[in-house]
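Each chain carries a letter (A, B, C and D) given by its place in the written order, and its residues are counted from 1.
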């Protein structure tokens, strides 16, 4: 296959693939799956934080949170648009989500149980997402790379806001400090799981790296996240719930313990604390909106017909 | 008509009419209408107080309120049973309620806006109901009279509980006292309206008095209520919002102002502050329960058939 | 001054409470674009509310800031109109059509109200009105487009849109009833009723919908939202909104 | 003592939170008789909760009464099982069948739990258990009758009843997982799992329903309701329940 060889040469030469370029079927499918999963994560990710909008403890925090959740909807829109450049159908991807055929980031299957979780999600979850996503700004597929540049910029902003909320709470009352620590205790391990299983157990990594879709292994990114986060935790004054966490001067990295991978596989398999709730929520919104979308389509069709006649 | 004359003689001689006795059609219809309206009032009356069960400010108050609302459901049941002794069908009466063809006490078309309203409803609304209902314990139709005896006993208990709640609040904080006064301001006039329009405008009174269904005119009962309530208000330390309210030593009664009868007719006509909400709430519960009642009926029918076979 | 304080609360509470309601759609809208749009509108209104409540606190002069006014006032002291607080979806009591009916009515009325405030004596209120007008023009446009789309969509959407209008229409009269505070400030909402009607009629005509016939909601003792007398929905809204703030007294956020 | 305090909270919170949920049916039940029955059950549970929380306060010895514990504790300090707090109707997340499924599971489990407490070292807890058993027998009976009626009613009711069981089943495992507090008090919920299963199987057989297949709900970091880690529904329940009490500090009721 000349085309295939040409493609391989282009991507290994760091050239961008654009929608009209030829690409192998596997590349296209892998990308659609990965970008859709990312889009779904943004959409499902609206729920755990959205859960606190109505109860935000100050109007300023309410505005910040509402804007952030709105950004997530926006990210979902860019990413679905990127899949459409690959020939995917947004309606079909949504069906895949609400029917559980496609996944989203496992982190959103954990509940948000206090307002500190809003800060922790910003700090740890968005922080981990950024570690995952910064390399994707140089991913081989052009539209995806450009969407990621925009998204990463907004995510960094969200991460700073999350950290700032936690900082404010840590300098508040004892109750607020306890709330932050309790939240970090719950989210630390799930955050480490966001990088996926250890490289030894990761099925898709090798081909994706070759295609320049992925650029780092799960374990590399996880290490980078830990190295970045530990000093931030110290500055914040919270304890990360890992007794094995320790600076290793020889490696020049922090050593850390392993998350409970059984829990990870259970959550990925659909049985986390909130999987059923998240998908049911999305499905309900989708089904409740069916008549609205049908009406908009009917109106648009009638309007188009009338213009055609005129 | 011999039967009719016999009937008239019996009721004017204070004899009780029982289900199997002959009675004029008008008497039967008037009674069904009145008892059904009373039953509907108990059922709709669950809503304004039920509105506060989930938010009751102490567990003791929650228990008292829940028990009271439960009693109202119970009263509804006795009264529907009394209509059934007259040949009415409970399902049909419920349809009449949810379709707005039959009325209920206009007082329940006012919203409950603070916990003090729970006390005020007990004190003023149940108080007015008792004034209306005590004479009905001697009403000519036996099953109705007996239901009223039981209901009046429970209503008196509720009234004392309501008054006790207000007393407790009045000896509490300034905020609590203000809450009570504000609540009494809202409920005073609607309570006076509970006795119906002035005698001069009341259509049904005369025949009902002759049949010994009713035993006092609206205005007589209203006066009795005012005379009873004013000293209670003084003891409580609240101001009744009627500048015309004053002891009249010549009449031996309190003089008082007239409620806004335009408002009364508007509320009775279906356009009070909460009419639409109350009926919609009832209708929704009725419709949502349809499949449950259908299932119970199907199960009972199958069970009966199987027993017949065995 | 007391009148200006009260008036700032009226305007601020209208915006705050409707913002709270609209934000309930977040992650529940019929399409993703609408999640973005409704959040945007809720944010605009929240922004207006913050400026107005802050101004109210300054005028009052007792040191209450926007949060003290939003979180530590009791229901009786909220002065928003009923239209802002009633449930119009996504939960019980409404749907997307009802939400759009309310938004159309609310923003059409607010535009007229803010327009009348452009030369208002208090410069902060006048400035909020000026800035708010641009935002509200977008809100009204957005709502009007949906009302037309749904009115002229399918049979079901037409039926729902008409029902949504009937549901909110009883709360229109309150919008144009001058409150004593407004009267003393020289403001008369009745003055822009005709303008309101004409905008609504235009939208309804384009949508093929009928002017609603539901009668105005009755007042309680002559009082309504502007007097702090609300509907039963308001208490639940405030319980949810205020609970966390009240649970941690003395906390800073 | 700390263990006994915690255990009283566990039992008291189970009863309080389920009572709160059941009372939501008030004025919303499928028939009037059921309004009465559900209110009755909610009252029984509320009564148990009051005795148990009062006892918790006594054991703690810091002067907290039933109201301080019900209204002024934060979510993290509530120790009820998730089964009590999840939404099973009349609002989102359930219907009458789901409510009956939960009530059957809850009361069957509670009967076994209270039976095991009849000889418990703390006489107050033992007495509450003894009194509670009579009430719970009625609750279980009531729920079982409905489960049978709905399982063996119409196609729709059968489908809903099975779905209701599937909805609550993930929360069963937590009921039988011994918490360290229970272990230290010498209590082992696992001991009555077989009894529970046999009662449930009997009812399901009579109803023509299948044993649910939904998998147990995952814990968060190994923790669940008994550790104060709840579902997202809990915060809303507490906001509504506690708001008024917290809004008037120092008030007596």
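FYI, contacts are C-beta pairs under 8 Å (C-beta built on N, C-alpha and C of every residue); 3 or more make two chains touch, one makes a residue touch a chain.
A quick map from chain label to UniProt name: A, B = 1,2-phenylacetyl-CoA epoxidase subunit A.
Note that the structure is predicted; figures quoted are calculated from it, not measured.
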Check: interface with higher C-beta contact count, B-C vs A-C, is A-C
Chain C to chain D: how many Å between their CA centres? 40
Just give me the whole-number Å value for how far the CA centre of chain A lies from that of chain C. 35
Using CA atom averages as chain centres, what separation in Å is found between chain A and chain B? 58
Where does chain A touch two or more other chains at once, residue-wise? 55, 175
What residues in chain D touch two or more of the other chains? 74, 239-240, 243-244
Quick one: label the inter-chain contact graph as line, ring, star, complete or other. other
Pairs of chains that touch, anyone? A-C, A-D, B-C, B-D, C-D
Residues of chain D that touch chain A when the two form their complex: 74-76, 170, 215, 217-221, 229-232, 234-235, 239
Chain D contact footprint on chain A (complex, rising order): 51, 55, 110-114, 175, 179, 182, 185-186, 189, 263, 266-267, 271-274, 276-277
Report the residues of chain B in contact with chain D in the complex, numbered from low to high. 43, 46-47, 50, 53-63, 66-67, 69-70, 73-74, 76-77, 80, 115, 165, 168-169, 171-173, 175-176, 281-282, 284-285, 288-296, 298-300, 302
Chain C-facing residues of chain D, complex: 74, 91-92, 236, 238-240, 242-244, 246-247
Can you tell me which positions in chain D touch chain B when the two form their complex? 16, 20, 23-24, 26-36, 39-40, 42-43, 46-47, 49-50, 53, 66-67, 70-71, 90, 95-97, 148-150, 152-154, 156-157, 160, 240-241, 243-245, 248, 250-253
